[in-house]
Structure formats: structure tokens, C-alpha cells
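Two complexes are shown next, each including subunit A; its partner changes from subunit B in the first to subunit C in the second.
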Partner chain A sequence: MKLELGKIMIKDVQFGEETKVEKGTLYVNKEKIKEMVLEDKRLIKADVELARPGESVRIAPVKDVIEPRVKVEGNGQVFPGIINKVKTVGEGRTHALVGSNVVTCGKIVGFQEGLIDMSGPTAKYTPFSKTNNVCVVIEGREDLETHEYEEAGRLAGLKVAAYIGEAGKKVEPDEIVTYETKPLLEQVAEYPDLPKVGYVHMLQSQGLLHDTYYYGVDAKVMVPTFMYPTEMMDGAIVSGNCVAPCDKVTTFHHFNNPVIEDLYERHGKDINFIGVVLTNENVWLMDKERSSDMTAKLCRHLGLDGVIITEEGYGNPDTDLMMNCQKVAQEDIDVVLITDEFPGRDGKSQSVADTVPEADALVSCGNGNVIEYFPPMDKVIGTLDYIETMIGGYEGSLKEDGSIEAEIQIIIASTIANGYNTLAAKGY
Partner chain B sequence: MGGDIILITNNENFIGKDYKVYSVEFRKCRYIEILTKVRDKVHENYRILTHPMAGSLKPNQTPYKSVLLIKEETLDYNSLNLIENAIDSAKKFLGFRKLPQWNEKCLKDFRTLDQSFIEGALLNKSKNSYYIK
Partner chain C sequence: MSKIKVVHYINNFFANIGGEEKADVPPEIREGKIGPGLALESSLGEEYEIVATAICGDSYFGENIEEAKETLMGMIEKYDPDLFVAGPAFNAGRYGTACGTMAKEVEEKLNIPVITGMYSENPGVDLFKQDIHIIETSISAAGMRKAMKKIADLGDKMVKEEEILSPQEEGYFERGIRVNYFNDVRGSKRAVDMLIKKMKKEEYNTEYPMPVFDRVDPMPAIKDLSKIKVALVTSGGVVPQGNPDKIESSSATKYGIYDISNLESMKKDDFMTIHGGYDRAFVTENPNLVVPLDVMREYEEEGVIGELADYFVTTTGTGTSVGNAKGFGEEFSKKLVEDGVGAVLLTST
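What follows is the complex of A and B.
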């Protein structure tokens, strides 16, 4: 499967009569977006605000972040099985408005969401302080159940991102990157002397507000499967997760998975990147046994020599992480884990909730318990009403002047457990 | 077919409903006390069916906890290990910071989530499989 990803670099975002891209500026039609969001009768209010890098703006509470993309050639459309017909994606050509994002935010569930600062000392913790953000501020009907609200918010963000993505369909990209993974036997034959490496991608799937969708399937009811990495670049995986902000894998991160990016970078040089084993994170121990057994079986079946495993979340998923690690290692496959840590402010407590002797190579993406000071911002998109009840916030977090003292786990993607952050260990 | 399945919970959403598959043992108590109750049950030869840290909500964030167990003939050491780890972890987090004073809307959301972790897990399996050791 071969995908050309055309990157259209966006340097600014403005409102305009027409949604279009011109000389690196993205123009968006505010009214059209509002209208589109309010088509869902579960949502009663919608607004659109813009946030650019360096501005004195705080966005809170943030639900999802989505890069606008569009299929230009090849089968299917972005987000198959969710807002478009089910069709295998990942082949042909896709355009991405790189440097811009749709950010869904506003009065949401009380405790799950986090914040993005566009400037100041805490902006460095989130990649979304460096992008031009179209913030879709939504409000649901008062009587709406939490999970219905999550769905309405999720779909609103995806629809708006797909709509904005269309603006890039006929624009000549600034850069085209080609990614290719061949069918297994051909891929193995292409670089027979290089070690075969796979990526075990664990999807958050524990229950309401902890869900991820693969071609529209709730990941908790699927069994582990094999996928081409390029399928993810077309939106085959969508986030429905509202758990801890710091390690929430947003839909942006599914599009732009840094493990996949780096494995492709090394593909054909010192490794042979075979593909992705997709698995889930469940509540029932029996499901964990089954999924980790199947993950190990698939890795062995694919003839892998080495595997990188990432997780989403803390606690229960640590058990899946360690079971995957142990069982894959027992197949005589080298395993490297990537995760973040919650070892207390001083970093001295146990970092993860579970461990096995086979977990002897682990890359950390930072300590979510570190406390930071967030100075006041001139403008708030959304509301600060929920700061003290957000994960990472606490009683007394929000000061009268609008400044905040909180753990960095309140910041979207600050310790994201796939390395798309600034706290990850990096090689130079 | 197999032993009794019980749900140890402090989540009132489970009160008064007939779940057929499992019986509900509700206690009005703290999160950590549910974990210690589960540990006691493990010593009475109950085996844990659902992960005691389900939900990625840390023990100093949510006040609710529900765990499903099944009665066995002998002590299940994996369950014991699992629950002791969960208790250690909960104590660690509660040592960092105590549980916030949540408003009723947040509490309702936490209850809904906790309930979904148990009920969602029932969706994808054949009933007899609960009893397989």
C-alpha cells in the first residue's frame, strides 16, 4: 500500500467568505462551520474562534484536535466508517493542511478535558501551541447524557475538519512524502538482510469516554488485527477518548503517529518496517489475556525481530502493556516500550502501575505529576470554569487573575505516550 | 456451571437492578475501601474478573470503584498480586493529593463511566466464558 501525503504548509488562519487556502493562509467561513455543527440537534450552541501561535490565548476545555485532510486520489474518504462510507483507505494521494488544526472545545464533561496555551511558559508542553487553530466551541443540550455529548462533539470536530480539508484538494502541496508498505511476503523480500520491525499500537477502549474507533468499530469489541500504517494517515482510527489530557491520543496523533513516522524514516536503511499490529485495552482480564495472546501470535506470525509498543492511559492499560511486552518477548522478539510516568512530583515513586521482568527497554515521555505555573492570558476560548476539576487541576488551582497552578497532566498531549512531545527522550 | 459472580461496588447506579449474571454487593465507602474489600474476597477464594484499576481514572480522581469477582475452590495468586498492586498504587496517588470535592454533575459522570466499564465488558463475550478459569 502506497500513499503520497501532500503537505500544504499553513502559516496563518483568517476568517473569510469562502473556506480556501491561499499563499499559506487558511481562510474559513465561520457561518458555514456553525451551521454544520448545529445540524446535530444534540448541540445547541456553536461558535468558531481562531488561535494562532504566540497569541495570549488559552483554550479550555479541549476535547479533540484534528488536522484537516482530504483524499485526492485512491479509494475512500477520510474517517471511513465514521463520517464517510466504509472503504479501505491508505492508498493513493492525500493532502494535509499541516500547521492548522480543528480544536473542539467548550462546556464539556466536567473532568476529562485539558487546556492549550498559545504562548507563555506552558505553551512548550503542547504541539498545538505551534499550529493555527480553528476552535469550534460547542455546547450540548442540558439533558444530554455524557456519552451522547461526547459523540456529538466528536462528530462535529470530524465533520468540520473534513470540510476544511476539502480546501486543500486542488492546492499544490509544498512537500510530498511517499510512504509505502508492501504485502507481507514482498515486504520481507525487499530488504531480506534487515531486521523486521513492527509496531504494536494499543488503542484506549475501556468504556464510555474511553473509546477509540477503527473504521467505525469500537475497539473494545474487536480482536487484534494487522493494518498498513498508511491507513492511519487517512483517518482509519478516530479518537473518542476523553481521559487524562496529557496522554490522550487525539485524532491528530493518529494521523501523525511519530512511531510510524520514525519507523518509515529508518525503513530500508537499518530496519524493514513490516506494519502495525492493532490491539485494545480492556477491563476484563479474560479480554486482556486474549488480546495479548493474539498480539504475540500475530507478531510471531509476521516473523518480526523487533517490536515497539505504545499505550494510551495509565493504570489498567499498564497491565495490557506489560502482558503484551511479556508475551511478545517470549516469542523471542526484542521489545521496546514507550510510555509516560506518574511517579509523584519528585519522580521517586513507581512510574507505572504494573511491570514484568521482560520490560527492560522503555522510553519515557515525561512525568505528568510535575507542577507548573500558567500565567493569565488576555483571551480564553471556551471557559476556565472547569480548571479545578480537570485532571491535573485541584482546589485552589485557578487564581483570581486567571492564572493557574496545576500539574502538567492538565495540558493536552504534554506527556503523550508515543513521543509526540517535548519531554520525550530524543537521539541526535 | 460455575461459582457465584459478585460485583463489589460503591457506585449507587448498580443498586436495585437485577443483573442476572452477577449479584451486587453495594457498600457506601471510599474507593480504597472497595479495593481492600476485594482483597478480602480474594482471600476467601474469589478470583478477580475485571481489572481493579479499570478506567485510567486515577484513584485520587474518581470516588467510584466496581470490581467483578467469581467464587473459586482455591486462592488465585494472580488476583492477589493484582489487587495488592492496585492498593499500593491507590495509596501512592492519595498520598500525592486527596480526592477533590466534586460537584453532583461530575459525580454523576464518574458513576456513569464506572458503570460502563463493567457493562461494556459484557458486550463481546459468550456468557459461559465468565466461568472458565
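What follows is the complex of A and C.
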């Protein structure tokens, strides 16, 4: 499977009568977006606001972040099985409006949505302070049940992102990157002397507002499977969860999975990147046993020599991470784990909830319990009403002047456990 | 300008009182510097002055820890120090323990910077490295000057509240405290590099060595539950409506104890959940799902359990550090025991 990813660099975002890309500026039609969001009768109010890097803007509570993309050549459309027909994607050509994002926000769904600061000392923790964001502020019907509200918000974001993505269809990309993974036997034969490496991608699937979708299938009802990495670049995986904000693998991150990108970087040079083993993080022990058994079985079946495993969330999923690590290692496959740490505000407690002796190679994505000061911003997109009950917030977090004191786990994707950021923790 | 005041702690040997035969001397304090204090003061420079030296025999300290600690604290406090230095103890085990104990105590009570020094195999290192900064020294006092230089440099930084660098840079034992920094390379790339090294059997360094948990062995099974008082304890975040003690929805720093003596079940008008780690929809409708008071009352009625305690204990489990959770447990289990509770039903979410 071969995919050309055309990157159209977006340097600014403005409102305009027509949604289009011109000389690196993305223009969006506000009314059209509002109309589109309100097609879903579960939502009664919608607004669109823009947030650019460096502005004194705070966005909260953020539900998902989605990069606008569009299929230019090849089968299917983005987000197959969710807002478009099910069709295998990952081949042909896709355009991405790199440097812009759709950010869904507004009245909270659960506790687990976070914030984005576009400037100030806490902007450095999230990649989305560096992108031009089209913020879709939603409000659900008052009688709307939580899960319905989550779904309405999720679909609204995906629809808007796909709509904006269309604007890039005919634009000449600034850069084209080609990614290719061949069918298994051919791929193995292509670099017979290089070690065969796979990526075990654990999808958040604890349920009850912690869900991820693969071609529209809820990850908690699937068994581990094998996929081409490029399928993800076309939106085969969509985030539907409200997991702790710092850990949230947004739909943006599924499009732009850093492990996949960095494995491709060494593909054909130091390693032979075979593909992605997709698994889940269910709460039942039987599910954990089954999924980790199957993950190890698949890794062996594919003849892998080494794997990188990433998780989404912390606490309970640490168990899945460690079970996967142990069982894969017992198949005589080298394992490296990526995770973030929660050793408490004093940094003195254990950083993970579970351990196995095989977890001897681990990359840290930072300590999420560290407390930071968030100075007041001139403008808030969404609302700060929920700050004190959001993950990372506490009583007294929100000050009268609009400043915030909270753990950095309140920031979207600040310690994301797939290695997207440079934040790390070390022992002092 | 007045100088920065230092109190120095040393043992019988370094105070020139005597060796093993004088290890039983009780606590005393003398004005000014003694023995290794000379090297300390000259390393600290002219801004500093050792105002007093506290002394105690190593065996005396070891045999009378609580009393010695209290007496020494009383003596040290009077000098109102800005910095407390103990030792260095090199490879002397009892001395190391005394230095660690006093440094930790002074930090807790006076809230001032404290520092000590030890050889890597001194048992005091493992006992205290998490609580205080311990400079790594040579095995014997031959390394005094070098050790004092490092102690003085780090102590000076602590007093002036300057940034303390990594254990390697400053020369102290890693305290196991996880501190954030921005790496030059993103995590995923570091993982790929690490995997390539691991597959080639080359040396690599994990960024987080696996921690050790103090697993608690389960108690033997209860023979006759019908005579036992049972309490409900939960990490599921169920609290009275309005969350009176403002327990956090994650990373809890407190727990609550709430009365249920007159209740037959947990009514949704009276209780709510503030837990941030699960979808609260079902528990909001029926708090008994997490604090099963309704079922426990039936068991009480049927005589399955002796009786139910008058209250339940609650906190939020999600993101709560092991350190905090352990602290809560140690505290409220005393109350449970005092109240004659013989068994606890722990519900998590």
C-alpha cells in the first residue's frame, strides 16, 4: 500500500465567504460551518472562532482536534465507516492542511476534556498552540444524554474537518511525502537483511466515554488485528474518547502518528517496518488476557524481531501495556515501551500502576502531575466553568482574574504517551 | 551585613571527643565550628558562618533515636539557622543514619535547606536519599575536602534558591524524584533509536527503571463474618451532594468520612460521584453501584455480617499517587481499628 501525502502548509486562518486555501491562508465560511453542525438536531447552538499561534487565547474544554484532510486519488474518503462509506483507505493520494486544525469545544461532556493556551508559559506543552485553529463551539440540547452529546460533538468535528479538507483538494501541495508498505511476504523480501519491526498500537477502549473507532468499529468489540500504517493517515482510526486530556490521542495524532513516521524514517536503512498491530485496552481481565495473547501471537506470526508499544491513558491501561510487553518479549521479540508518568505532585511515587521485569526499555513522555501557573488570557473560547473539576484541576484552581493553577495533565496532549512531544521526565 | 547562618552536625569522632569508646556521648551543641566545619566554612565562603556545631555519639543516637532527635532539634532551633549540614558520614553506617535522620527532621521542622554526604554503600543512602540531598563521597575521610566543596556548592544553591541540576551534575544520589524537562528529540524517535540499539545488543538506557511496589499480602480469610463489623471504603469518588470536603476528581490529596448510620441505601439526591476516571452516568443515578449500602443493609438484616460501620470512607483513585493513597490508608485504618471494624469492603472503579 502506497500513499502520497501532499502537505499544504497553512500559515494563517481567516473568515471568508468561501472556504478555500490561498497562498498559505485558510479561509473558512463561518455560517456554512454553523449550518453544518446544526444539521444534527441534538446540537442547539454552534459558533466558530479562530485561534492563532501567539494570541492571548485559551480554549476549553477541548474535545477533539482534527487536521483537515481530503482524498485526492485512491479508494474511499477520510473517516471511512464514520462519516463516509466504509472502504479500505491508505492508498493513492491525500492532501492535508498542515498547520491548521479543527478544535471542538464547549460545555463539558465528562471530566476528561482539556485546555489549549495559544500563548504564555503553558503553550509549550501542547502541539496545538502552534497551529491555526478553527474552533467549533457546540452546545447540546439540555435533555441530551452524555453519550449522545459526546457522539454529536465527535461527528460535528469530523464533518467540519472533512469539509475544510475539501478546500485542499485542488491546491498544489508544498511538499509530497510518499509512504509505502508492501504486502507481508513482499515487504519481508524487500529488505531481507534488516530486522523486522512492528508497531503495537493500543487503542483506548475502556468504554463509558473512553472509546476509539477503527473503520467505525468500536475498538472494545474488536480483537487485535494487523493494518497498513498508511490506513491511519486517511482517518481509519478516529478518537471518540474523553480520556485524561494530557493523554488524549486526538484524531490529529491518529493522522500524524509519530511512531509510524519515525519508523518509516529508518525503513530500509536500519529496519524493515512491517506494519501495525492494532489492539485495545478493555477493562475486563478476560479481555486484557485475550487481547495481549493475540497481540503476542500476531507479532510472532508476522516474524517480528522488535516492536514499539504505545498506550493511551494511564492507570488501568498500564496493565495492558505491561501484559503486552511481557507476552511479546516472551516470544523472543525486543520491546520498547513509550509511556508518560504519574508519580504524584512531589514526583516521589511510582510513575506507572503496573510493572513487569521485561519492561527494561522505556521512553518517558513526562510527569503529568506537575503543577503549572496559567496566566489570564484576553479571550476564552468555550468556557472556564469546569476547570476545577476537570482532570488536573482542583478546588481553587481557577482564580478570579481568570488565571489557573493546575496539573499539566489538564492540557490537551501534554504528556501524550506516543512520543509526539519532546517533554520527558528524569530522575533527580 | 549579617552572615548566612549554618548549623553543622557531627559525631563524637569528628568532634575529637573520641572513637568507639566515646560513641555513647549524649547530644550537646557548641558555638562556632569544629573539625570538618573548617573545611565546610572555607568552602562556603565569606557570606556564611557556622554559628554552632551539634554533636552526638553514634551509639547514643542509634539507641535513643527519638530522644536524641528531640534534644538536638531543641538545641539547633535556638540558632535559627539558614542552612543545616550533617556530616559527611563517608562509610560510617550509624553516623550516616544519624546524619540522615537529623537532616530530614530539620527540614521538616524548620523548613530550611539541609544537606549531607555519604559513601554509596552507607546504609543511610537508601534510607534517606528520597527525602534529602546526599552528596556522594569517597569511602573515607581522606575525601573530606572534595566532599565539602560539593556540599558547600549545592548548599549555597539551595539557600539562594537557584536551580538544582541533575544528580550527575551536582554529585548527589538520585532521589527518585521524577522531574520534567524538554528533550532535544521527541519521544517516538528516542524509542526507535532505543529499539535499534536493543536489537543490535548495544547498550541503551531506559528512561524509567521499573519501580518497586510494596505489595500487601492479603489477610487470612474471615472465619465467621456474622460477628464482624464491616466498613465500606471506596476509591470511586462517591461523596455527599456538593462534595463538602472538595475532594479532587483526580490526583486526590484528601479523603472523606461520611455518616450513613440512618440510611438504608445511597440515594441519588444525597450522594454524587466526583471521580474523573469513569463515566459517571450510572453511578449518578444509583450511587449504590459504588458504595453498596443497600446490599450491605440486607446482609446486616439477614445476619450475614455482624453489623455495618456508621460511616463510609471515600476518595478518588484516578491519578492519585501511591504516596497519597498509602498516607490515607495509614491514617483512616487507625480509626477503623479504634471503632472495632474487623473487615473492610473495598470498592474501586
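Here are some notes:
Assume the second predicted complex is superposed on the first by the 422 of 428 C-alpha atoms of A that agree within 3 Å, B and C clash if a C-alpha of one lies under 4 Å from a C-alpha of the other, contacts with A are read in each partner's own complex, and residues count from 1 in each chain.
In this text, a residue touches a chain if its C-beta (ideal position, glycine included) is under 8 Å from a C-beta of that chain, and two chains touch if they have at least 3 such contacts.
Quick caveat, the model's predicted, so the values are computed rather than measured.
Contacts of A:Glu190 after superposition: neither subunit B nor subunit C is touched.
Contacts of A:Asp12 after superposition: neither subunit B nor subunit C is touched. Residue contacts after overlaying the shared chain place A:Gly427 against subunit C, while subunit B stays out of touching range. When the two complexes are overlaid, the chain among subunit B and subunit C that reaches more residues of subunit A is C. In the superposition on chain A, A:Lys288 makes contact with subunit B only, not with subunit C. By the touch criterion defined above, A:Lys220 lies against subunit B but remains apart from subunit C after alignment on the C-alpha atoms of chain A.
Residues 110-111, 145-147, 206-210, 244, 314-315, 342, 344-345, 349-350, 369, 389, 391, 394-395 of subunit A contact both subunit B in one complex and subunit C in the other.
The part of subunit A that touches subunit C in the complex is made up of residues 110-112, 124, 145-147, 195, 197, 206-210, 244, 258-259, 261-263, 265-266, 270-271, 305-308, 314-315, 334, 336-339, 341-352, 355-357, 359-370, 389-395, 407-409, 418-428.
On subunit A, the positions that touch subunit B within their shared complex are 109-111, 145-147, 204, 206-210, 220-221, 243-244, 282-288, 313-319, 342, 344-345, 349-350, 353-354, 369, 388-389, 391, 394-395. Within the complex, the subunit B residues that touch subunit A are 48-51, 53-58, 61, 82, 85-86, 88-89, 92-93, 95-97, 100-103, 105-106, 108-110, 112-113, 116-121, 123-125, 129-130, 132. Within the complex formed with subunit A, the subunit C residues making contact are 130, 164, 166-167, 174-192, 194-196, 198-199, 204, 206-208, 210-213, 246, 248-251, 253, 274-281, 317-319, 321-324.
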